[in-house]
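First, the structure itself, so that you have it in front of you.
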Amino acid sequence: MAVSDVTTTSDTYAGSVRRWPITRLLEDERWLAFVLLLPTMVLLGLFIAYPFVKGVELSVTDAKVGVPGNFVGMQNFVVLLNDSIFRVAVWNTVVYTAVTTVFKLALGLWLALLLNRNFKGKALTRAFILLPFIIPTVLSTFAWKWMFDPTFSVINWTLFRLGLISSRINWLGDPNLALISVIVVNIWRGVPFYAISLLAGLQTINPELQDAAAIDGAKPWQRFWYVTWPLLLPVTLVVVLFSVIQTFADFQLVYVLTGGGPANATQLFATYAYQVGVGTGLLSQGAAISLAMFPVLLVVVIVQLLYIRRVETL
Amino acid sequence: MARVVIRDLNKTFDGVHAVKDVNLEINDKEFVVLVGPSGCGKTTTLRMVAGLESITSGQILIADKIVNELPPMDRDIAMVFQNYALYPHMNVYDNMAFGLKMRRFGRAEIDTRVKAAAEILGIQAQLQRKPRQLSGGQRQRVALGRAIVRHPKVFLFDEPLSNLDAKLRVQMRVEIKKIHARLGTTAIYVTHDQIEAMTLGDRVVVMRDGVVQQVGEPLELYNAPANRFVAGFIGSPAMNFATVTIAADADGLLWANNEGIHIKLPAEVASRLRKHVGENVTLGIRPEDLRVASSSDPADVAFDATVEVVEKLGSEILLDVKVGPSMMAAAVEPTVLAKVRDQLRLALNPDRLYFFDGPTQAAI
Amino acid sequence: MIEGAKWRRWAFFYIPLGAFIFTLLFPFYWMLVTAVRPDSELYRPWNAPNYAPFWTAHPTLDHITYLLQETLFSTWMLNTLLISVAATLISLFCGLLAGYALSRLKFRFAGMLGTAIFITYLVPQTLLFIPLADIVRNFRLGDTPWALILTYPTFLIPFCTWLLMGYFKAIPRELEECARIDGATRWQAMIHIIFPIAVPGILSAGIFAFTLSWNEFIYALVFLSSPTEKTVSVGVTSELIRGDVFYWGSLMAGALLGSIPVAFVYSFFVEYYVAGLTGAVKG
C-alpha cells in the first residue's frame, strides 16, 4: 500500500454520475436488502411473531373474552393434562394424522405411477384429478356431509342396492364410524396433492435409468424398489412434511362434518381450541390448547428436516 | 478510449486469496488477454475491473481515474459474458438498446447505433427475434453488438467463445479481432484457451493461483517463457519436460543426463547453466522441436525412444514416446511410418532447449 | 414403458385409474345433481323404492334463485373476491421483493432470515388464531375485510417468497450483472430484467395464493361476525343452516357457485398451478 500511495497522489477519484441519494444508497446490497425485506418483516412481525408472543402470554393468564385476566403460571396447561377431552383430542389428532398420511402416501404414489404412463388425455386427467385439492375445503366437505347424511345418504343407497347392507349406516353419528368418515374425506382431499407432487418427482427421474435397470435384469417391482423409490425419497419426504403439518393442525374439515362430535369422537387440537377459546370464550385456555400443538409440530419439523438433509446428501 | 491501470490488486473471499498483488498497465486501444487455468484469478480480476466484485486492496484506474468505489453502471465499460447473458424476454433490438435506454439516449440516436452495430455484425435480419430463436453464433454476435452500441471506454470479455463449437469459435475469433481493429477500443479478454490468447492478444498475461506469471507479446511468451508453468501452458501440444542432471566433462563441455537422455549443450546455453553443474534441473523441449533422427544427426543431440501412441493428425503425426523414465510428445512429419512399440531415435534442435531451475521453476 | 397383454393393461391401469377418477370427482357430480334437484326428490329416504338418486327428471333452478335472491350469497362472493385479490397482490409484492433479496443479495443474517421465512411457511393458521383475533380486535380491524387482507399474507408471503426464490435462483446471475454494466442500478436491473423473466413464477405464486385465500376458513370464521362481511365458506356454513335444518339444495348450489371462481382461474392456469404446487414442495 505504501508504495502505491506515493504513485497515486496525482490520481483523482472518478466522480459518480449525479444521482438521487436514495439511488446511491440502494446500490449498497445491505441497504437494498433491508428495504426489500422491510414490508415482509413488518407484516410477519405484526401478524406472526407478535401473535405468537401474545399467545404465550395469554396461555399463562386466565383471560376470557372482554376480561384482561391475571397471571396464573402454568395452570392452564395443568388443567389440560387432567382434561379427559383434551387427551381424547390429542389421541384423535395422532390417529387422524398417522392413518391419513399412510393412506395418502400409498394411494397418492399409486396414482402418480398410473399418471406417469403415457396415455391419451393425460393432461386433462391430471387437471381434473387436482380438483378436490383446489376446491375450497369447506365447500367440498359439505358435499361429503350430504353424502354421509343419516337419512338421505347416497352411499347407503348404493350399498343397499348392492345388497351389502340391510339397515342404514350412521356415518357421522356413530362415534367409531365418525372418525373413520372424517379420515376418508381427508384422504380424498389429500391424495391429489400427493399424486401431483410425486408425479413431478417421478418426471425428474431419467427414464434411461429404468431402461438400464431393465437391461440389468430387474423386474418391474425391483425397478421401482431399487431405482425409482430411492430417487423419489427426497420429494416424498418434503410432501409428507407439509401434509403432516397441515393434517395435524386441520380444522375446517372436522368443523363442517362433525364439529368434533359425536361425544368428542372426532375432536382434534384445533377444533377443541376453537370450541374452548371462541365457543366458550375461555381465551387463555384456548390459546393454551393451540400452543400445545407447537412442540409437537416443532419436533415433526426438526426430525423431518434433519432426515431430508441426510437423504439429500446421500 | 482509455488506459486501464491495475495497481497492487488483491482479492480475498472467504479466506481464499484469489488475486495476489496484480499490477498491470493496459494502454489505450490495446487488446490484452488474461489467460490461465480455471481458478487462477483471471475472471475475478476482470470482474473487479467491471465493478462486479469489491476490491480487497489496491486500485483500478480507468481513463486515469480511480474507479474502486464506482458502481458498474458508472464505469462506462461493456462486457461480453460466457453464456452471452442475453435478456430472454427482449428481442435482439431491445437487447442492444437496453444499455442506451438506461443512459437516456434519444430514440433516434439509439436506432442509429443499434442499426450500425447490427450491420457490422451482420444480424440486421434477426433484430426482431427473441434470443431463444437464435443459433449460438448469432447469440454471440448479439452479445458483441450490445457491447459495441455503447461506445464504451473499455470492452471486457469473459470467455466469450467457450460455449461455441470449434469451427464457430475460430470464426468468431477472427470477427472479434476485426471489430477491435475497426473500433480500437481498449479490451481486456479472459480465456483459459492459450490459442485464443495467442491469436487475439496484443499482449498476453499468464496467471496462476492469483499471481501474474508473465506479461508479454504472444511470441515472447512462446519463445522466452519466464518459468516452467508458462512454458507448459503456452504452446500446443504442450512442452515436454524431463528432469536432468547437468554434468561437465573433462573438456569443460556441459551435458544434460538422465536415464534416457545424454545430450551435449551448445555453448550459449552452457554459459547460463554453468553454475548449475551437479544439480537437477528441468529440461523443456517443445514437441515441434523433435524429429526422427537421420544418419547425419550427431549422436549427442539424439536419444532413443519407444513409441507408445501414434496420433495421425493429417498435417503432422503426434508420437507419444517413452524416453528413459519419462513420456514425451513429438510432432513429426506426416511421412514418418511409426507403429506402436517401435524403437526410434529422436533428434532435437539444440538451440531450442529450455531449462528451468529445480526448486524455483524459473527459466535459466 | 414395456407394454404387457391387453388384460394386464385393464387390470393394472385402466380400472385403477378409472376408480381413482370416479372417487375423486364423484362428490362434485353429487354437488351438481343436488343443486338442480327439486326438494321433493331430494328428501326421499335412502331405502325408498323406485328412487334414482344419480339423475333427476325435473331439474330446477329454485335452489340457485333462492341462494342469489334470498341470501347474501352474492355479497359473500364479492367479499371473498376482494379479500383474495387484495391479499394476493400484497403477498406477491412482498414475496417478490423478499424473494429477490434472499436469493440474490449478500448481507448478514441472509441465511437466518431465509430459514425464519421457511419456518413461518410451516406455521398453521390454527396455531395462532386466538391471540391473532385479540390483536385484530385491538387494531380495530375486527369485522372488516382488512382483518383478512392483512392477515392472509402471513401464510401467503412465506409461500410466495419461497416459490419465487426458486425462480430467481434459476436466472443466471450474468443477466443482472450485464444490466448493471449496461448502466442499470441494482433496482432497475431487478425491475427491468429479473422480474419480467420471473413472470411464470409470479403467475404460479399468484394463482396459488389466490386459491389459498379463497380456501381459508378459520381466520374468516373467527375475525368476521356480521353476515354482510362474511366470505363464501363462512357464509355458507353459518347462514344456510338454521339450527339443525340444512337447506341441502341451496347449500350444494352455494358450494358449486362458490367453487367456480377458483375452478375458473385454475382451468386457465393449470400448468402454472401445478408448477406452483411442485415448486413449493421442491423449495
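A few comments on the model shown:
Letters A, B and C mark the chains in the order given here, with residues in each chain numbered from 1 onward.
In this text, a residue touches a chain if its C-beta (ideal position, glycine included) is under 8 Å from a C-beta of that chain, and two chains touch if they have at least 3 such contacts.
Because the structure is a prediction, the values reported are computed rather than measured.
Ranked by distance of CA centroids from subunit A, the top chain is B.
The busiest chain interface, judged by C-beta pairs in contact, is A-C.
Between the Cα centres of subunit A and subunit B there is a gap of 56 Å.
For this pair, subunit A with subunit C, the centres built from the Cα atoms lie 14 Å apart. The residues of subunit A that reach two or more other chains are 27, listed in rising order.
In subunit C, the residues touching two or more other chains are 185.
Across the assembly, subunit B contributes 71, 75 as residues in contact with two or more other chains.
Residue ranges of subunit B in contact with subunit C, taken from their complex: 50-52, 71-73, 75, 77-79, 81-83, 85, 87-89, 98-99, 102-103, 146, 150, 156. Within the complex formed with subunit B, the residues of subunit C that make contact are 172, 174-175, 177-185, 188, 192-193, 196-197, 199.
Residues 1-2, 13, 16-17, 20-21, 23-25, 27-28, 30-31, 34, 42-47, 51, 53-54, 90, 93-95, 97-98, 100-102, 105-108, 110, 113, 117, 119-120, 122-135, 150-151, 153-154, 157-158, 161, 185-187, 211, 214-215, 217-218, 221-222, 232-234, 236-237, 246, 248, 251-252, 254-255, 258-259, 262-263, 266-267, 270, 273-274, 277-278, 280-283 of subunit C are the ones that touch subunit A when the two sit in their complex. Those residues of subunit A that touch subunit C in the complex are listed here as 19, 23, 26-27, 29-30, 32-34, 36-37, 39-40, 43-44, 46-48, 50-52, 54-55, 57-58, 107, 110-111, 114-115, 117-119, 123, 125-132, 134-140, 142-144, 146-147, 149, 151-154, 156-157, 160, 168, 188, 191-193, 196-197, 200-201, 214, 220, 235, 238-239, 241-242, 245-246, 248-252, 255-256, 269-270, 273-274, 277-278, 283, 286-287, 290-291, 293-294, 297, 301.
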